[in-house]
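In the two complexes that follow, subunit A is the common piece, with subunit B as its partner first and subunit C second.
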Partner chain A sequence: MKVFVAVKRTLDYAVKVRVKADKSAVDLANVKMSMNPFCEIACEEAVRLKEKKVAKEVIAVTVGPKAAQETLRTALAMGADRGIHVVTDMRHDTELQPLAVAKVLQALGAKESPDMYILGKQSIDGDNNQTGQMLAGLMDAPIAAFASEVSVDGDKVHVTREIDGGLQKIDLGLPAVVTADLRLNEPRYATLPNIMKAKKKKIEEIKAEDLGLSLEPHVQYTSVEDPPVRQAGIKVESVDEVISKLKETGVL
Partner chain B sequence: MLASGFKSAGLMARRGLAASAQARMASTLVLAEHAEGAIADSTLSVVSAAKAIGGDVTVLVAGADAAKIAEQAAKIDGVSSVLAAGDAAYDHGIAENITALLQSVQDSKSFSHILFAASNDGKNIMPRLGAKLDVQPVSDILEVLGEDTFKRPMYAGNAIATVKSSDSVKLASVRITNFDKAAAEGGSASVEEVSGPGDAGKTTWVADEVAKSDRPELTTADKIVSGGRGLKNGENFEMLYTLADKLGGGAVGASRAAVDAGYVPNELQIGQTGKIVAPGLYIAVGISGAIQHLAGMKDAKTIVCINKDPEAPIFQVSDIGLEADLFKAVPEMIEKL
Partner chain C sequence: MQTTTPATSGAATSSNLVVTAEERALVREHTAKTDVHGVRLRLITADCPLYHETDESALPFEAPWWAFCWPGGLALTRFVLENPELFKGKRVLDVGSGCGSVSLACALVGAREIVANDVDRLAGVALAENAELNGLKMDGESAEGEPKLSFLQENRIGAGKAYFDAFDVVVVGDMLYDADFSPTLLQDLAHHRGVYFGDPGRTYCPQEVSEDNLLASYDHHEDGFSAIRVFRLTAA
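Let's look at the complex of A and B:
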């Protein structure tokens, strides 16, 4: 089968977020960017399906600025066969919204007809947790969101997914959309030889405008602010003090 | 921002006096969450968010037990009508089936807003409906600033955005810890039976593995004791359960490190990618306080931390910090409470 894996370039998860002084957005100038951690997990899963000979071809897709090509190269170094880069200058945390990305993925899917789409469950910048579900909705395909285990058996996908009280097992028909939760797998590191090999793999570049889709945001981000700051706390020396402070403030 | 004085205008609009999307009074549909035949507390918080938007509030109960649960939903204060879709196809949160039901309800009733709890079920269903209606939903609203304007967190809660939706139907998921629960009694809504297309046949539910517990649910508990990698193993979590009992029946949570190490099951994970909690008291034991964990608990009223590393970031958000070995401090605390 053919697998699409969607990857996103985001602010590195360890970077401290700075909101711009004019409250227009988060400052993304000169900060470290990486592949969204959930996309790494999605990519790893796609590559594992290939190693299990379930998938014949893994195509990594990204929608983002020129620089997002690095993210695609990372996916190729992890083991994806080729890449598709839909280039746009829209800000990927506020302007480029899940509905637009889902439409792009659907349009690319219509050309390539993959059997499975694997995405991360959410990107750590927008924290929307929507794109995979929207893609499945647009395609009228079944979805397994928040997957922690995936296996393919003929034309059925068995998925264990994380739900509020525990786990849920479901079976999906193909084509299917799966979004990866943290515990799906442990993504591999790209080795140097594989990074070198990845440079030779093909990336198809498409301008977002050429897809004939409206990617205009439906939701306007009118301001972005720092969260309220907590008042500095106190350090105490003993358990007794903890208990008496809690009693003082009426918590206990 | 909309007072109840606008109510008559809303009624007129729904009677068919053609109204443009702007002039239309809000009418909000809430997708109810329920478990084991009872309406979930999360639904009460979502109803509060719907009330903050203004206009009529309708609750949709879907599932095999819908009729019985709809009676409970009808008593929620502020709910004006309840729709009950009694079909087993809507159990287990299968997105295709519930989305098709919501779409058919929306087709016939044209709500201005559809709200979901920002739970795993809500997150699973809302975007699919958004795609079907060609609408961009707003995830995890913290505050309602107007009919089309909301606050929501981004970047693990390190930035709070004000967003304005230009869609004709506004879909949003509600961070339940940010809204007080509507009173479960006092309402007297009418109940109407509805039906949707039923089972779409694309997904087969196999099994749920849900841990049963007498403890309060994490997301609604008033006191939470939470453990991290510092606990060293699963057995040591017993201490935290005892401490939670001593506090008068608190819930126990965990950091991602504790879950990944296999100390506790993953439904206990608190953080950006786990559950978001805001209890009255949060006691973090052996948790360093990574950005991703703080995203899930920094709105707790009082935060206590017990950690032997004075440099741990958790001290920066704690109201009361105790620098100590948890294996001494926790038993001592249990004894003294």
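Let's look at the complex of A and C:
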């Protein structure tokens, strides 16, 4: 089977986020960018399907600026066979929204006919958790979101999902959409030999406007705020003082 | 990387580069001794710091293709050692010799003459190091009756049918990954009757290989691959 894996360039998970002075968005200037951690898990799962001979070809897809090519290279270094880069200058944490990405994936899928679409459950910038669901909706295809285990048996995909209060096991027909949760696998690290070979793999560049889709955002960001700064605590001398302070604040 | 060299015919019997002590020290510094199907090699292994370097610009040399035994070369090395009769007494060209594992395997099974060919000078240095590890002599140092092993630093891809036909056997380990040279190489060797490819399924590797031309398939569930195949393009 052919597998599409969607990967997104986001702020590195370890970076301390700063809000821009005009509060329009998070400041992305001179900040380390990486592959979204849930996309790494999705990519790892796709590569493992190939190593198990289930997948014949793994195609990594990204939508984003020129620099998002680095993210595709990371996917290729992990073991994806080739990449498709839909180039847009839209800000990928605010302007480029899940519905637009889902439409792009649907359009590319119509050309390539993959049997499975594996995505991260959400990106750590927009935190929307919508792209996979919207893609399945647009395609009228089955979806298993929050996957913690995936196996393929002929034309059926067995997925264990992480849901409130436990695990749910479901079977899907193909083509299917699967979104990766945190415990699906532990992604491999790229190594020098893999990076060297990845440089030789093919990346097809497509301008977003050439797809003939409307990628206009439907949600408007009005203001981005830092979390409130934590107020300093106070020291008390006795139990009685604790009780009186708690009474003052209305807790007791 | 390609340099002008005096050796232009297929009749090269001695290496066209002189390996310096500094270069050998450089290769030794960044590699570790390891064993690939019984061939001893100095490679950048997972124990070497450079294996985990993800920024190519931080390397002390150009991309070290010679410092890894790629899956295609790994399979071909094993195939040579398991099928010595195909290589014994033959005149062999190793295109893209890299670390030299396939050339050395050919020497170990008694090929008459082996020309290891690579564009990277350090591949020649690595070959010299690795030959020594396996007790093999290079160039004119080998005694009468011993395999003659030499290194040719030159791009011969695109040299055409006649050049390759001068060799009994041509071995190609993991060279079908490049948009520019891989299709040319396949063209050069399309009709050669003694060519052996080792490949895990790179982009330019022929998708379909007939049962007759598929010579071996080894499990290799790594790097996004599941098997490495050894195949030829035309029946011998």
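Methods note: the second predicted complex is superposed on the first by the 232 of 252 C-alpha atoms of A that agree within 3 Å, B and C clash if a C-alpha of one lies under 4 Å from a C-alpha of the other, contacts with A are read in each partner's own complex, and residues count from 1 in each chain.
The rule we apply is simple: contacts are C-beta pairs under 8 Å (C-beta built on N, C-alpha and C of every residue); 3 or more make two chains touch, one makes a residue touch a chain.
A quick note: this is a predicted structure, and the numbers were derived from the prediction, not measured.
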Check: In the superposed arrangement, which partner chain does A:Leu192 touch: subunit B (first), subunit C (second), both, or neither?
Finding: second
Item checked: Touching partner for A:Lys50 - first (subunit B), second (subunit C), both, neither -> second
Note to self: If you tally the residues of subunit A touched by each partner, is the higher count for subunit B or for subunit C?
What the structure shows: B
Check: Once the shared chain is lined up, is A:Glu40 touching subunit B (first), subunit C (second), both, or neither of them?
Finding: neither
Item checked: Which of subunit B and subunit C A:Lys202 touches, first, second, both or neither -> second
Margin query: With touch defined as at the start, can you tell me which subunit A residues reach subunit C in the complex?
Written below: 47, 50-53, 58, 78-82, 189-197, 199-202
Check: Which residues of subunit A touch subunit B in their complex?
Finding: 11, 13-14, 16-17, 19, 26, 38, 93-94, 97-99, 102, 121-122, 124-138, 141-146, 148, 158, 162-173, 181-183, 217-227, 230-231, 233-243, 245-246, 249, 251-252
Next item on the list: Would you tell me which residues of subunit B are touching subunit A in their complex?
Entry: 35, 92-96, 99, 119-121, 123-132, 134-140, 149, 153-167, 202-211, 219, 247, 256, 259-260, 265-267, 272-273, 275, 280-281, 291-292, 298, 301-304, 306, 315, 317-324, 329, 332-333, 336-337
Margin query: Taking the touch rule as given, give the residues of subunit C at its contact with subunit A in the complex, in rising order.
Written below: 44, 46, 50-54, 56, 59, 63-65, 68, 70, 177-179, 203, 221-227
